[in-house]
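The following blocks contain the structures, represented as structure tokens.
Here come two complexes built around chain A, the first alongside chain B, the second alongside chain C.
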Partner chain A sequence: MKLTIPAFVGRIAFSALAALIGAIFALPLLWFLFAPFNARAELGLALPDPWTLSNFVTVFGNSYAVQALWNSFIQAVGGVILVGAAATLAAYALSRSSIPGKGAVTYILLLFSSVVSGSAAMVPIFLIISAAGLMDTHLAVILTFAGGLLPTAMFILRDFIDSIPKSYEESAMVAGASPVQAFFDVALPVIRPGIVVVVVWGFVNIWGSFLIPFILLRSDSNMPASVAIYSFYSEAGTPIVTLLAAYSLIYSLPVIALYLFVSWKFGFRFFGGIKA
Partner chain B sequence: MTTEPIEAKPKKVRNFALLSNRAGAAFLTPAGLLVSVFVIVPFFWVIFVSFTNRTLLGRTALNPEFVGLANYLSLFDPATFFQRGQFGFSLILTTQFVLASALLGQALLGLLLAWLIQTVPPWVKRITETFVIAAWILPEVVIGFAWFAFLDRDQGTLNMLLEGFGLPKGDFLLQQPFWVIVVFNTWRGAAFSMMLFNSAFSSIPPSYFQAADVAGASSWQKFRDIGLPLIRGHIVTDLILITMWTFNTFTPFLLTNGGPSYRTELVSIYNYRVAFQDFQFGKGAAVGVIMMLINLAFALVYLSIGRKKKVR
Partner chain C sequence: MASVEFKNVTKSFGEFTAVSDVSFDIADGEFVCLLGPSGCGKTTSLRMMAGLETPTSGHILIGGQEVTHLHPKDRNIAMVFQDYALYPHMNLADNIAYPLKVRGEPVAQRHARAKQVADVLKIGHLMDRLPSQISGGQQQRTSLARALVYPAKVYLFDEPLSNLDAKLRLEARGFLNHLQRDMGMTAVYVTHDQAEAMALATRIAVMDQGHIVQFASPIEIYRRPATTFVANFVGNPPMNLVEVEGAQVEGKLALKAEGLAIAALAMTDAIGKALAASGKLTLGVRPEHLGIAQTGATNTITAPLFANENMGPESLVTIDRGDSARVTARIFTDDHLDLSKVVTLRFSTEHVHLFDSTGKRIPALGE
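Moving on, here comes the complex of A and B:
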């Protein structure tokens, strides 16, 4: 297609504007590319001289910091297993059975899940966990997130299952499979990409969360990285920049890796409300 | 705690079901239990607690008394309502925050970005998208610290840049805390609007734009007369969702702690302070109830729009 000169100038102006906005978005993050590798990092942006891994060595020598990453992992994986399993079963039932009141259940879930946010419900969630005797346990965080993430996970998966032809399972059942067999052997493998999306989404949500573990956990040995990161502050409350930078980068890596995985595998397709 | 995807497509109910009602009920049980205990029970429990003088510690922690509307009356006490650190101040602050950072900031910036990346070369699109999405998906504590470093008065990158351009430095977290969290939240959340509008623009048949090109329309004309009218439904969806998220967000706490002197204390942070720093669970629950009522209003609007779409 031939471009006129004004159109060409327009194109360049558009690219420049897009690049400028991209640069503005990058600015606060650029610091994380350099400071972790700089043994004398400060809050200012500076090229490391020399580049070093000493900050990482210090972080990995800090048993509390390593424990916190492990805690984050336990909570995120535990939550994701619950969400993945429960949401798959529930979404399949909502899609394939004709239980009365399905529509009403869906509507009520939609309503409640958007009304009961973590920051509005922090008092009752604290009281429920307290009453259940689960205060300061991994299970408290796992269950709270499982409950909170489930409605959205169910909707993503139900849409996904609705788009799969029923004839898959029907032909399996004609061949003599029970409904449960048809679910596990025929439907489940086809639904798997949807489950992967839900699991990745859930993992990123729990891994990055601050408020819920912050109010439900007390002891250092249970704290996830999002809360433990505040231990890299001196007594006076000033941050120990070198450690914070290195730790932040390590803590962000799984999220970055999962993002790359999803965009490589599926393209970062848009799912309504993929993030809480 | 989370949001819901855009309404499912309507489905013809068939008489023949693959899963019997009993198996279906069994499949629904685990999710039903979890959602009941952690989403539905909290909704009713918070209403109950808001009528008591329950505290975190002390005698009333175990034996709370029924105090009627006392918590609500203290929240809406006209003598102190608008004072800093009080509920009214926080509510107004949050309203301004939502208007400035979600409706103006995120939505407009998202719209601009979505439109820009339709036409720019793929590599510009890739790089821009990467950073905008990174701002959105990285853990909130990391983002909070990144901005803390970015805005530092003495060494921060922003002041370094301002100095480079010959502009005066500033201690933004102290001097302009409200505008800091507005810019921060815009930056953090613009990706969602960008992606939603991007997928909306991509669903418009390219022939519409090609016809406009042939007629010699400018980019602005194409945006105003083709793009904007065709994605109107998406814009409404986007505005409601980002309003609800921004209203409930706790992330600015990680940057400003609600301060200095309550100047960035959004209702979510106010709720946290009342319940977990002042230990007044009853009053905190009352704040929670009001937040949920506001959420409910937005959710009902959103769902009614979803229903209309279904009917069409």
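Moving on, here comes the complex of A and C:
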């Protein structure tokens, strides 16, 4: 098919516009890739000359920042284990049992978890954690996130489990398995892709959060990386761009690695759970 | 192998009663089909036998032992599901051997047994495949193998052939029939396909709206359907039912209907009783008992031709009596039938069935 001249011009204009928009989004990412390797990085985009790892050396010399990465890891993994296990069991029960009003339970929990957002509930959460004597512990952050993420995780997983035929477990039970055996042998492996989705989502949420650990934690030795980034600001409050860029890159690597691992191992085929 | 007994079993889901006060006995070694349209309670009955549903009231016995509230795992039964329920993450060997795994058999032994059963079912060469990597017919045989891998008291089948295409279904049906002859297993088989029930069952329980309408051998159900419902459900095509006006004339039963010419039938007490209640009777004739006749002959029914379908060894000739009251004849000929616009079908009075105004069978003379 031959294009008419106006259509051809239109195409070129559209492509140019798309390229411009793409560039606007790509520039910060490019900065993010170049700046860590540039010993004289500034806020402007510039190719490193020469490429150097000196920024990383300085960052790893900062024991507080390194400890913070480990703290982030503990909090994210701890929270994800709790959310994954609790949401799987709860969603399974809500999907398979015939409790009256089970639909209402899920929706009310979901409603509250989204209406009462993290920051609005900050004062009560602070008071509860304080009263429980958990202030300045990893457990405080893990529990708070588990509570906040559970309803949505349950909702996603329940939808997912609803779509799996009951006959899997039924055939296992008829064959002689107890309900617990049927769950672990048959149901759990089938649900696993759904759990993976919830785990990745939970990990990214906790890993990237700032407010909750900032409020619930006191000592430097417990702070996660999201808070520790502020150690790369000078006394006057201006960022030390070189170190900040290097640390940010390190900070984002686990999430990228997790995504790559999951899409390689499981593939993100099962996002269809959310209907809203 | 064991017997199965239902004693006044009722199952309600809220307002809806799926199975209503059903009682029956299935003897050791019988192959019983539960036959009926969807929603008649046949699957619910089967699931109660399996322990996947609990009766609202009544008792279920397997091998004389009360199992009404027993967990499925403690009943020692085997079941083939309509969707096969093959575990997608296990290969065929593990799928088939799963019942042996939960029984604590060592890996080598249970895989050997699974292979043995799979070989009989001609899927032994696929043991390393996942269920998603085999065909529908092979999946069906895998689910059958999983049920046969251990000696169960009762084998339950929930429409196991309904997901197969027509040719495979016939093949699988024949194999099940052979298996039953070979093993003499006690089996309960749920289906809505009357041909499957006729081919496989030693006895058929025809169900409708939570009740068993008739529980008898396939031949009995074919020859003497208890109600118009059974008559209309069994047979391919099903029995033709013609609403007639009955009256006693000179000590004989005269039947009247549009297009119908029938000689007066001998009266019996049963007919007398039915007439006393209502003169509105139903006349039933099976399609295979109808033939083409000349207009004006007795024991015939005449109406405009509706369809003339040649199927090879036979032709299905359907005439339309108006208001969708159609009568179909099965004519056994491999010739093309050249029919006029109005067709007369003849029958013999010995092949005629009578039902009273409530749809119940009126026993024929000598029944």
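As a convention for this text, the second predicted complex is superposed on the first by the 242 of 276 C-alpha atoms of A that agree within 3 Å, B and C clash if a C-alpha of one lies under 4 Å from a C-alpha of the other, contacts with A are read in each partner's own complex, and residues count from 1 in each chain.
By our rule, a contact is a pair of C-beta atoms (placed from the backbone, for glycine too) under 8 Å apart; a residue touches a chain by one contact, two chains touch by 3 or more.
No experiment lies behind these values; they were computed from the predicted model shown.
S.K.: Who wins on chain A residues touched, chain B or chain C?
M.R.: When the residues of chain A touched by each partner are counted, B comes out ahead.
S.K.: First (chain B), second (chain C), both or neither: which does A:185 touch?
M.R.: Only chain C; A:185 stays clear of chain B.
S.K.: One more residue to check, A:8. First (chain B), second (chain C), both or neither?
M.R.: Touch partners of A:8: none, neither chain B nor chain C.
S.K.: Of the two partner chains, chain B (first) and chain C (second), which one does A:70 touch, if any: first, second, both, or neither?
M.R.: Neither partner.
S.K.: Look at A:170 in the shared chain and tell me whether it touches chain B only, chain C only, both, or neither; answer first, second, both or neither.
M.R.: both
S.K.: Taking the superposition on A as described, I'd like to know which of chain B and chain C A:51 touches: first, second, both or neither.
M.R.: Neither partner.
S.K.: Once the structures are superposed on A, label A:261 by its partner contacts, choosing first (chain B), second (chain C), both or neither.
M.R.: Touch status of A:261: no partner.
S.K.: Under the stated touch criterion, which partner chain does A:151 make contact with: chain B (first), chain C (second), both, or neither?
M.R.: Touch partner of A:151: chain B, not chain C.
S.K.: Kindly list the residues of chain A that each of chain B and chain C touches, one partner per complex.
M.R.: Common to the two interfaces on chain A: residues 170, 173.
S.K.: Provide the residue numbers of chain A that touch chain B in the complex, in ascending order.
M.R.: Going through chain A, the ones touching chain B are 10-11, 14-15, 17-19, 21-32, 35, 42-45, 82, 85-87, 89-90, 92-94, 96-100, 106-107, 109-128, 143-152, 154-156, 158-159, 162, 166, 169-170, 173, 179-180, 182-183, 204-205, 207-211, 215, 226, 229, 239, 241, 244, 248, 251-252, 255-256, 259, 268, 270-273, 275-276.
S.K.: Under the touch definition given earlier, write down the residues of chain A that touch chain C in their complex.
M.R.: Residues 165, 167-168, 170-178, 181, 185-186, 189-190 of chain A touch chain C in their complex.
S.K.: Residues of chain B touching chain A in their complex?
M.R.: Residues 1-6, 8-9, 11, 13-15, 17-21, 23-25, 27-28, 30-32, 34-35, 37-43, 45-46, 49, 109, 112-113, 116-117, 119-121, 124-125, 127-128, 130-143, 145-150, 152, 154-158, 160-161, 187, 190, 192, 195-196, 198-199, 218-219, 241, 244, 248-251, 254, 267-268, 271-272, 275-276, 281, 284-285, 288, 291-292, 295-296, 298-300, 302-303.
S.K.: Quick one: which bits of chain C touch chain A in the complex? Just the residue numbers, please.
M.R.: Counting only chain C, the residues touching chain A are 50-52, 71-73, 75-79, 81-83, 85, 87-89, 98-99, 101-103, 143, 146, 150, 156.
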